[in-house]
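Structures for review follow.
Both complexes below contain chain A, partnered by chain B and then by chain C.
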Partner chain A sequence: MATTSSNSRCALLFDTRLRAVAAILAAGLLGGAGAAEVRLDVRDEKGVPVADAIVWAEIPGSKRPAPRDVEVVQKQRLFLPPVTVIPVGSTVRFPNRDDVQHHVYSFSKAKKFDLPLYIGESPGEIVFDRPGIVTLGCNIHDWMAAHIVVVDTPFVATSNDSGAAVLRSLAGSQAIVRVWHPRLRGEPIEWVADLVRGPVERTVTLKLRPDFRRTPPDSEGGTYR
Partner chain B sequence: MPVVRIRRHLLTTLDRIPVLRVVLASLLVVVFPAGAAEFTPTAAGWSRYESNASNSDVATQRVPDVFLGGRLEAGTTGVIGRDWRWRAGLSTDGEVALRYPGLSQIEGGARVGAEYKFGLGWQAPRLEVNVYSGVRAAGQAGASGLQLAPSAALTWQFAERWGVRGRYVPDWFFAEDALFQVAAHRLETSLWFDVFPATRLQLTGSYRHGDIVSYAVPPRPDLVALSEVQRTTDVFGADRIAYRLVADTFSVELAADQGLTDVLSLRAAYRWEITRKSSITYGNHILELALRAAF
Partner chain C sequence: MILLLLAGTQAVTYFLVSRVAERAARERISEDLHDAAGTFEILLKTEAENFSRFVELLTSDYAFASTFAQLEEADTAVARATLRSALQNFRDRIGRPAFLRLVSLDRELLADTEASDVAAVPAMNPAIFDAAEESPGLEAAAIEIVGDRMGLLVVHPLLAPDPAAWVVVGFPLDDRLAAEFRRLSGFEVSFLGGGRVMASTFDSERQRDLAAALPTLPDGEFVKMVLVGETFLGRTIPMPGDARGEATILVLRSLDRELAPFHQLERIILGITVVALLLAAVVGFFVARSLARPAVRLVEGVQKIERGDFRTRVPVETRDELGRLAGAFNQMAAGLQERDKVRDILGKVVSPEVARELMTSATELGGELHNASILFTDLRGFTPFSESQNPQDLVTQLNAYFTEITEAIESCGGVVDKYIGDAVMAVFGAPVKVTDHADRALDAARAILAAEVGLNLGRAAAGLPPFQTGIGISTGVIVAGNIGSATRHNYTVIGNEVNLASRLESLTKTLEFHTRIICSDATRAALQRPHSLRDLGETSVRGKAGTIRIWAVE
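Right after this comes the complex of A and B.
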């Protein structure tokens, strides 16, 4: 039947156009890939690969990761792990596994708190409800330091010994990429990555400062140790 | 003389105390601290050169010497509430003078102290008050005795690599012989800078007012007029007389600490001292190399 045939052609044409429009929209809105990558080569000013740099990407509209419950332990007068990455809203406990008291504190804008003088289980749990870098210290042992990186994204990676870090499955056309390291001078390095043209590759140079928290064991020179 | 009365009182009190029992009890408390205190033994060994070991104001009478010394200390630090710490320690140290054995000495002592931290964190200033007392046996006749040295120190690490420290140390030494009695006050201020993570430079200036013992070849009517006590001694030879007088001493020291491992550090220091009393002036150049361990 001619009418049936004409209707079929119309339906096919409409379907084809709809698919084309959907594809264009998808390309525009999602960057065309839906699984873009950002590959970073993190180095210091001398060109030496930097391990343990934290890299994360924020994409407007992307799904927020679920908060987690984690622990930062004090053991052998050190914080372990030295760097913890958590989603916004996560809860952190600070159990003291040493046989001496610790006094955990933070002056950081992202979270200010202190847990005075305790041994054993954490006297409370701290909810990190703002993104940012939180630096931890112990008021008894001044050399103790650790960091909590609070992020509002599921796209997080850590650089390996070769300085390589890869952010995968980035769904979007643009992403704000940030790089931070415990010895970085100043704020995290950030830029906007264009994800439309495929994988992004970039070398990031970090200005790192020496770790001056460890000083010679000098009972008369002013160190607290 | 109040100093004489204090000394008599201290020695009488010391006689009444079962010293051995007190020392053993203190040692137990320090080594096996109760609660959350931390036991921190330290050790040091050093070599020191002094250009004017005889404290002489006449250039031809200045004699240098080299000292080899060592120190062991068992210290304990505890926490009293949020801002207060207490410290206690037992120590023993000794020095051997290579050229003039009479300057050798050995000392054992105890230290107790408290520290207040003005706020949280490593940048918070700290006020520390200590009292040290030790018994010294000296190679020189009459120079043995009891030392009492309280101190107050204010420390502020105002930046990651920079810090300052001010310290006041009154010092009394109650010697067997009046020649070696010392009453002195010392003020010192230090500035340190961490050049590298394990390298620290420290500049210290100090002022001391108090008793010194100067050795000179007589006749020295000027020293006789200025000094309170004079004695013939044989530490630097039979021709010398020791004079005890009150003088002012200024010093400047530059020291470098290098951390070698987590527990070991090496210290090299140069200190220049100048001592004055009326027309009497003498200087001393002191070089020190020390190896320290903190566990």
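Right after this comes the complex of A and C.
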């Protein structure tokens, strides 16, 4: 079993390499400059592909993305979506679509805020003016958690089920690449990628913590049915 | 013998019962231990889980998380003191002895409920955080031994709502907890850690003995140890939450105390046995005595009878064979006594020889011929004297006289046939046949006179006149036998010689004879030994034809 899996990984690697060679060849043929790609293979410590990892690249001097207005709603006692990526300066509203109140808060350094017990429309708009990871919680529901990733770049990607994430159209010679995942232990992984030599291929290993969080209760009835 | 058998049976029963009792006690402790060990593990696991839940209450606490966030923003003394204060507040909420620590994700101690200066707190073993990071629930437990104290540590992440720090809750495994476990389980409880006794329900003396026995303590096995002279049975139980096997719980129960009711039972059985044996001994003694006593009395009675004491009687106490035997014995004794009485009276009425003859031969009317001598005595001048005396004195004096006379006669083998007033008639040669009856009669006559001398000395002293006895003796064939009616008869002799003896006695009054004793010629002829006789010549006697020759006995 182990042999099979390692073989398949080898095959995958070989396949990726082939594709890289093909890409270089293609780039060379096209002769286009300033359109590099960073292709990441995100895995956990056991080598299992990690989906939903957020990957972004900051290229000094590149144009800043325009701020956006987004919503993170509370529905069925959950935050939706669980992860939101926004450019710096964006405004987020937190409407409560449940029939109970919520108390949304953040103790994160990137943005601390507190929206005490409310229901219905968001009591205010929160402007996220610093890049970083913001963890949202609800004071009265332990299991409710969500993240807002505030980035200072338009180059953002999310890993798919096979752990692959591709940042395209990177114009520049260097890029600071960061990888983050909701279950990542500690700060986002970052490094400087040299874009001059063409597309960057990289396998990123994330130290993930177990999914320890309590699952939300099924319904209003609780355990008494 | 029966007592010995009884004692033996009791001893064997006692031994068997005590052995069964001890084995039962051991088995019960073992079973209890088995049950208790299971209960204990559940109890301890529940405790550890409860500890975890306590911690979770804190780690999801918004207020505490915000206090921690404040420290993250600006690490000031006030922020740290606030954090510690919040921890203490939570510690008090738990309501159990506990201590709390807040440790950063980089494992730096930020606050401790028990120490204001975190630098002074001994560094924690990082293994617990490694374990927590690897565990699915991001939680871990471990035993911490600091000095002579031991605690169970539980680690949980502070959730804000992602893990922001580690919250450590420590529960002291101290004497108090041990005492609580003892209250729940009934076992003596000791917490062992690092090869030492960290806490125990035992007193210091037993703890010292326990500590000395620790190096040889078998693991997870049933153990038996003696602490201050008391035997304990028990086993070790792993401490829940102790992943590295640093701590153990030792549960023990006193075998001696467990056996106490059995020992009491043993003592009761022993007591009953002793009492039963004593009772059996006493009852046996009395039964034996009630059997033996009548037998002994019968033996004693028989011995008394043998000695001639016919008055003896034995009590009839029972209706059994012995009782009937006693009754028969008494009847026999009564019969014997009566016979003896009869013989006694007979002896007084008639002479012993006659009595014996009457007793031995058939007491029938009829007589037989004997060659015998008759002796006749008479007191001279008694009649005038008797008239001058009062009857009481007279009988007394006469009885004294007859006693002497009779003794003299009997000492010579004569038989007093009868007393006639102041006269005595005696027979020699009947009822017992002898050949020297004549000699005996003469001896008796002399003895009478000799006795009379002694008697008269006493009488003279009393101022009384002397007795003077005349004696006549004759010899010939006489008829001896029971003479009388069919219902009343007595043994006596009849014949001419009887009359002759009386006549010869009368002749002694004849002054010229100068003698007190006269015998017939036939008597002289029958003598076998030489006697001093004086010939008194021929004389005629009344009632006798012709003359007879008579002799004076000198």
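Assume the second predicted complex is superposed on the first by the 182 of 225 C-alpha atoms of A that agree within 3 Å, B and C clash if a C-alpha of one lies under 4 Å from a C-alpha of the other, contacts with A are read in each partner's own complex, and residues count from 1 in each chain.
Note that a contact is a pair of C-beta atoms (placed from the backbone, for glycine too) under 8 Å apart; a residue touches a chain by one contact, two chains touch by 3 or more.
Since this is a predicted model, take the numbers as computed values, not measurements.
A.B. asks: Determine, under the contact definition given at the top, whether A:G186 touches first (chain B), second (chain C), both, or neither.
C.D. replies: second
A.B. asks: Looking at the overlay, what does A:I119 touch: chain B (first), chain C (second), both, or neither?
C.D. replies: In the superposition, A:I119 contacts chain B only.
A.B. asks: Contacts for A:R168 in the overlay, against chain B (first) and chain C (second): which applies, first, second, both or neither?
C.D. replies: neither
A.B. asks: Who does A:R97 touch here: chain B (first), chain C (second), both, or neither?
C.D. replies: neither
A.B. asks: Output check: A:F107 vs chain B and chain C. Expected answer is one of first, second, both, neither. What do you get?
C.D. replies: both
A.B. asks: Tell me the contact category for A:K75 with respect to chain B and chain C: first, second, both or neither.
C.D. replies: Neither chain B nor chain C is touched by A:K75.
A.B. asks: In this superposition, which partner touches a larger number of chain A residues, chain B or chain C?
C.D. replies: For chain A, the partner with the higher number of touched residues is B.
A.B. asks: Which chain A residues contact chain B in one complex and chain C in the other?
C.D. replies: 103, 105, 107, 137, 139, 142, 210, 212-213.
A.B. asks: Within the complex, which stretch of chain A touches chain C?
C.D. replies: Per the stated touch rule, the residues are 103, 105, 107, 109, 112, 135-139, 142, 144-145, 185-186, 209-210, 212-213.
A.B. asks: Where on chain B does chain A make contact in their complex?
C.D. replies: These residues of chain B touch chain A: 36-38, 42, 73, 75, 79, 81-82, 85, 117, 120-122, 124, 126, 155, 157, 160-161, 163, 165, 190, 192, 194, 196-200, 202, 257-259, 262-265, 267, 292-294.
A.B. asks: Which of the residues in chain A come into contact with chain B in the complex?
C.D. replies: Those residues of chain A that touch chain B are 99-101, 103, 105, 107, 114, 116-117, 119, 137, 139-140, 142, 210-219, 221-222, 224-225.
A.B. asks: Provide the residue numbers of chain C that touch chain A in the complex, in ascending order.
C.D. replies: 60, 62, 65-66, 68-69, 72-73, 105, 133, 135-138, 157, 159-164
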